[in-house]
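Across the two complexes that follow, chain A remains constant while its partner is chain B and subsequently chain C.
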Partner chain A sequence: MSALRPYLPVIGLGVLLALAPLFVTSNVALNFLVFTLIIALAAQGWNLLGGFGGQFSFGHAAFFGVGAYVSAIWQMSLGLDAWTGFVAGTLAGAVTGLTIGFLAFRAGLRGSYFALVTLAFAEVFRVLSNSSEATGGAAGLLLPLRIGAQNLQFADRSTFLAFVVALTILVLLLVQWIRGSRFGAQLVALRENEEAARALGVDVFAVKLKAIGLSGAITAAAGVLYLQYFLFIDSNIVFGTWISVEVLLAAIVGGLGTVLGPVVGALALHGLGELVKHLAGDLPGIDLAVYGAVLVVAVAFLPGGLVGLFRRKPAPRQVRKTAPEGGRV
Partner chain B sequence: MTKLHDQISRRTVLGGGAALAATLAMPGVLRAQEPKSVKIGILQPVTGNLAQDGELGRTGAEYAIKAVNDAGGIPSLGGATLEMVFGDARSTPEGGTAEVERMQSEGVAGIVGGFASPICLASSQAAARYDLPYVVDVGVSDKIVQRDLSNTFRFGPGFGTCSKTAIENLVKLNEAAGKPARTVVLVHEDGLFGSGLAKLMATELPKYGFEIFETIAHPTPARDMSNVALRIRSLKPDLIIPSSYYGETVLLMRTLYQQRVRPMGYYSVLNGAASNMRFVKEFPEIANLDMDCNHWHDPRKEEAIQLKKAVEDAGGLWAYNIPLNYSCVKLLADAIDRAGSVEPKAINEALAASTFEGHVMPYGPTKFDKGQNTGAAPVSLQVQDETIKVIYPEEFADAKPVFPISG
Partner chain C sequence: MSTTQMSPATGTLPPDEMLPPAEILKVENVTMRFGGLTAVNDASLTVKKGSITGLIGPNGAGKTTLFSIASGFLAPTRGRIAFEGGDITGVAPHRLAERGLGRTFQIVKPFAGLSVLENIVVGAFLRHPRRADAEAVAARVAARVGLGDRLDDPAASLTVSGRKRLEVAKALATGPKLLLLDEVLAGLNPSEVRDIIPVIRELRDTGITILMIEHVMQAVVSLCDEVFVLAQGAIIAGGTPQQVVSDPKVIEAYLGKGAAARLNRGETADA
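Take a look at the complex of A and B:
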């Protein structure tokens, strides 16, 4: 039982999410949940590298887009099936992560420099995919509507939601396991003090590389889900800065370096957005303004994120210490 | 308890029973009546990058709904009035999809709008899940009507038709003036429409004897066009062809004007500014004699003139989005009327068989082939005397082209 104890919150949230497709029947709510969980999944990828490892990326769109494009090309140009496309997209995200990580970490880039490099990679991918024939150029790629489980397209939104929920729970369990593992401890150690971690014998380069590889894979999986759900991607959608910002926000508002943070953050942010939209009336954009104001207040008064609210103690000291430290963002 | 029981008399029970029976029978009675109003979804991006276009589209739709209702609503449904369910697509495909879901849950009979191609692609696909009729207002990507979706209809012309007509009209314009223009610089936004158009122009124009000096891409939004303007000044082309959205085109034209670049003409295609009265009003000198091949209302139609007047009298600015959305809503209303029902399948069939003439565009009766209105075509326009005139096709042009404007 004690071995299972750390998994209880994940299992609890997992059960709640798993029950959602059974009780939610409105397609509006289903659509909301699917899109929010896709963002939550991408944010969990970011959280693994940024929250646990302290390596803030501003360009997770690179992984999201690579996953979506690889899977789309896999299906449309190579004529292969959607499920292997899902795996291929996820692996491509991991390879992209490893490549960017290898180049950036070998050069010793940290903090804001690492953030800028990731941003640059995402922008380069956006420009390339916008002009390349293989990615459909600026016209993007439109996956043909072929409803069927073998094409990872489902007739009803609740089945797709069930698939996304299953994947989210799987990733949450993986992150919880990593958190308790040696690799997780090493990640946190290098976030807190890289030099000290190195002095203690942690292979900092290898740990960072593993983290960015995994992070890229998870975010790329979210990218593939976006493709399979909306069936249309272009460079500004999947490599756009909006996704990099969305994942950052979800993880930070939910709780940086926590297992449930990204999911809670994404649900809270999108839920708030929808709520304000309903209450705000007809003036266009007023809901976005209110949303922004609430966001500022939330970030100002919840340094430990939403998950921090449920802790008995305030956010751990070391988490707060990381922010002002030199070289970190 | 006993007391309460005593108070309920046999007469009360009978009366209550009759009332209950009447209440239960009510839904049947209601069903038998014609609906008092028919909800239609108007999907436009009114926040985000495309907010200006979205607002124009909404204006067109609102005028159409008012026109239909004032004319007695939907006759076959007992004069049921149209009721707008508005959705903000937030300038993103997922925003559009979310609004389609909401509109469907609110029971709309069909949806009009989308504006940008990515929004139209995603939203019409979301509507296709319910076979919900979707009338695309602007979205020019030809992929929109190449998916065999039985619910998607595009009233306006697609990219292929627009670029073909634009090139034909340009060649005609140049030949009529004695072929003064021979060299061209293409400036385009790097998204779906700008890149595609520039590529097509770069391939097609040399076939008609034009030399393309350079093709210059810029992102949207762009904050500075100085380098682009300087490059154009050094190249000294006869013609400049910009394919960009409103803000970037205005910026480019202003910068070129400041840099004293005076080509023989500006000829844009599906441009956001050259056929927008806001540009003409705010920068009359710069906009003067700019040409654009774009969607436009039919200046021969009285209803179009009245609509333009009504919009301008209300303090609004006239742009193509207004007559297009006005016509699209009327087209959907006509289909609902002919279907005599709000069932999606019946409306889709009515749209597919539509020969609607009551619109304000220069297209003739609608005729849909795989969802595309085959009669739809753009027109060539020129800013003259601080207003926008049609210069081609000659059949209904309300002005003669002024070309070349310098040199």
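Take a look at the complex of A and C:
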């Protein structure tokens, strides 16, 4: 039972999300939830590398786009099926992550240098996919409508939402497991202090590579989901800077290096964005201005993100727990 | 645990200790240059298995550089390091940790965002891949260095003395055979120093060999079996603490040329 305890928050949020497809019926709300959870999933990938590992990427669009494009080409040019395309897109994200990671981490890039290199990769991918024929050039790729579970296309949105929710819960469980594992501890240790981690036997390069590979895979999976839901991608959508910004915003606002942070952050940001759009009417870009404001507030006042707000509550209990121990000694 | 002075030749091992080698660490003619600056100059020293060996010297003598070379953080310009008889020159620090060579940092490096237990667990994970085992080992190690009641506290909340203990605990959790301690007593008040000395001695008694950089001479004299003195990058003396502190070369390295002679005159005048 005690081994399950760390999983309780994940299970709680999972149950809430799992109920959503049953109760949400309006198309607007379904659209909102599917899109937000796709972003949350991509943000979860970013958070693994940036939040737990402290390696801030500014180019996670590279993985998102690779996932989407590989799966699209897999189905359209190679004529293969959507489920293996989902796997192929995810794996391609991992390979992209390992490649970028190998180059950047072997060169010892950290901090803003690492961020700039990832941004450069995403931009190069965007420009290339915009001009290459294989990726449909500037016209993008339109996935043919073939509704059916075998094509990963569903007639009603709530079925797709259920699929996205299931994947989100799966990734949440994976990240929670990683957090308690040796790999997770080593990842956090190198975020806190790389030299100290090396002295304790942490192979910093290998751990970072593992992290960026996994991170790329998760974000690429989100890219594939985007393709399967909207059935259309072009270079400015899936390799666009907006994805890179969205995922790091969601993770930072939700809580860097927390398991639930990206999901909570994405829901809060998008919820607020929709609300403001609703209230402010047709002011274009008002939701982006709100994102900016929220980021400033989060960085200034919420070092632990939204998840950190809830974490502060159990503090008195901890004090009571440690007091007798201190007295005994 | 012999306290006799090191013999210059390596062939004088007592026969019953032929294998494994009596020297757990051997630094041979190590030179380290940073551009035009020679931080370590042709330094050699040996650490006997099961001993507490001290490395002392004035500020800027190159002690920490020598530590960084021995623990794999720097590759020497020239020279060779052997650990348990095998060449480890230029081997990465995490590989050395796997082989049983642990180190602490003079400027402590706690994982500030983590609890005391989590800090130590990172070290314990090296030999215990399962979290439950690693946590049990970490808790035991914490108790050994006197942090047993602070397990859930954030590392950032520890005092200087607590952080030094944490530094030792993290290295200890990796299960080292040889532990390099870089000034774990610096910045502590005398009563804190008195509290930690038995901890270090107890480590040696459980079979961990210790090489320590230390400025607190009270600790060096009471703990070390053997001491090497580094001045301006070169080893200028080696022997028991008593031999070393009365060596005129050592006194001059600390206090300036002619100091030993003046001290001697002062002593005879007092007498």
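Definition applied: the second predicted complex is superposed on the first by the 295 of 329 C-alpha atoms of A that agree within 3 Å, B and C clash if a C-alpha of one lies under 4 Å from a C-alpha of the other, contacts with A are read in each partner's own complex, and residues count from 1 in each chain.
Please note the rule applied: a contact is a pair of C-beta atoms (placed from the backbone, for glycine too) under 8 Å apart; a residue touches a chain by one contact, two chains touch by 3 or more.
Nothing here was measured: the structure is a model prediction, and the numbers come from that model.
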**Request:** Applying the touch criterion given at the start, work out whether A:204 contacts chain B, chain C, both or neither, answering first, second, both or neither.
**Result:** second
Which of the two partners, first being chain B and second being chain C, lies in contact with A:138: first, second, both, or neither? first
Which partner does A:288 contact after superposing on A: first (chain B), second (chain C), both, neither? first
Q) Which partner does A:195 contact after superposing on A: first (chain B), second (chain C), both, neither? A) second
(message) One more residue to check, A:103. First (chain B), second (chain C), both or neither?
(response) neither
Discussion item. Which partner chains sit in contact with A:236 here, chain B, chain C, both or neither? Use first/second/both/neither.
Written reply: first
Once chain A of both complexes is superposed, is A:32 in touch with chain B (first), chain C (second), both, or neither? first
Both partners, chain B and chain C, contact chain A at residues none
Chain C partner, complex, touching residues on chain A are 180-182, 185-186, 188-189, 191-193, 195-204, 318, 321-322, 325-326, 328-329
The chain C residues in contact with chain A across the complex are 71, 73, 92-94, 97-98, 102-105, 109-114, 118, 121-123, 125-126, 129, 131, 134, 148-149, 152-153, 170-171, 173-174
Within their complex, chain A touches chain B through residues 26-28, 30-32, 35, 127, 130-131, 137-140, 142, 144-145, 155, 230-232, 234, 236-237, 242, 282, 284-285, 288
Chain B contacts chain A in the complex at 46-47, 51, 54-55, 86, 88, 92-94, 97-98, 101-102, 104-105, 118, 121-122, 125, 128-129, 141, 143, 147, 149, 190-196
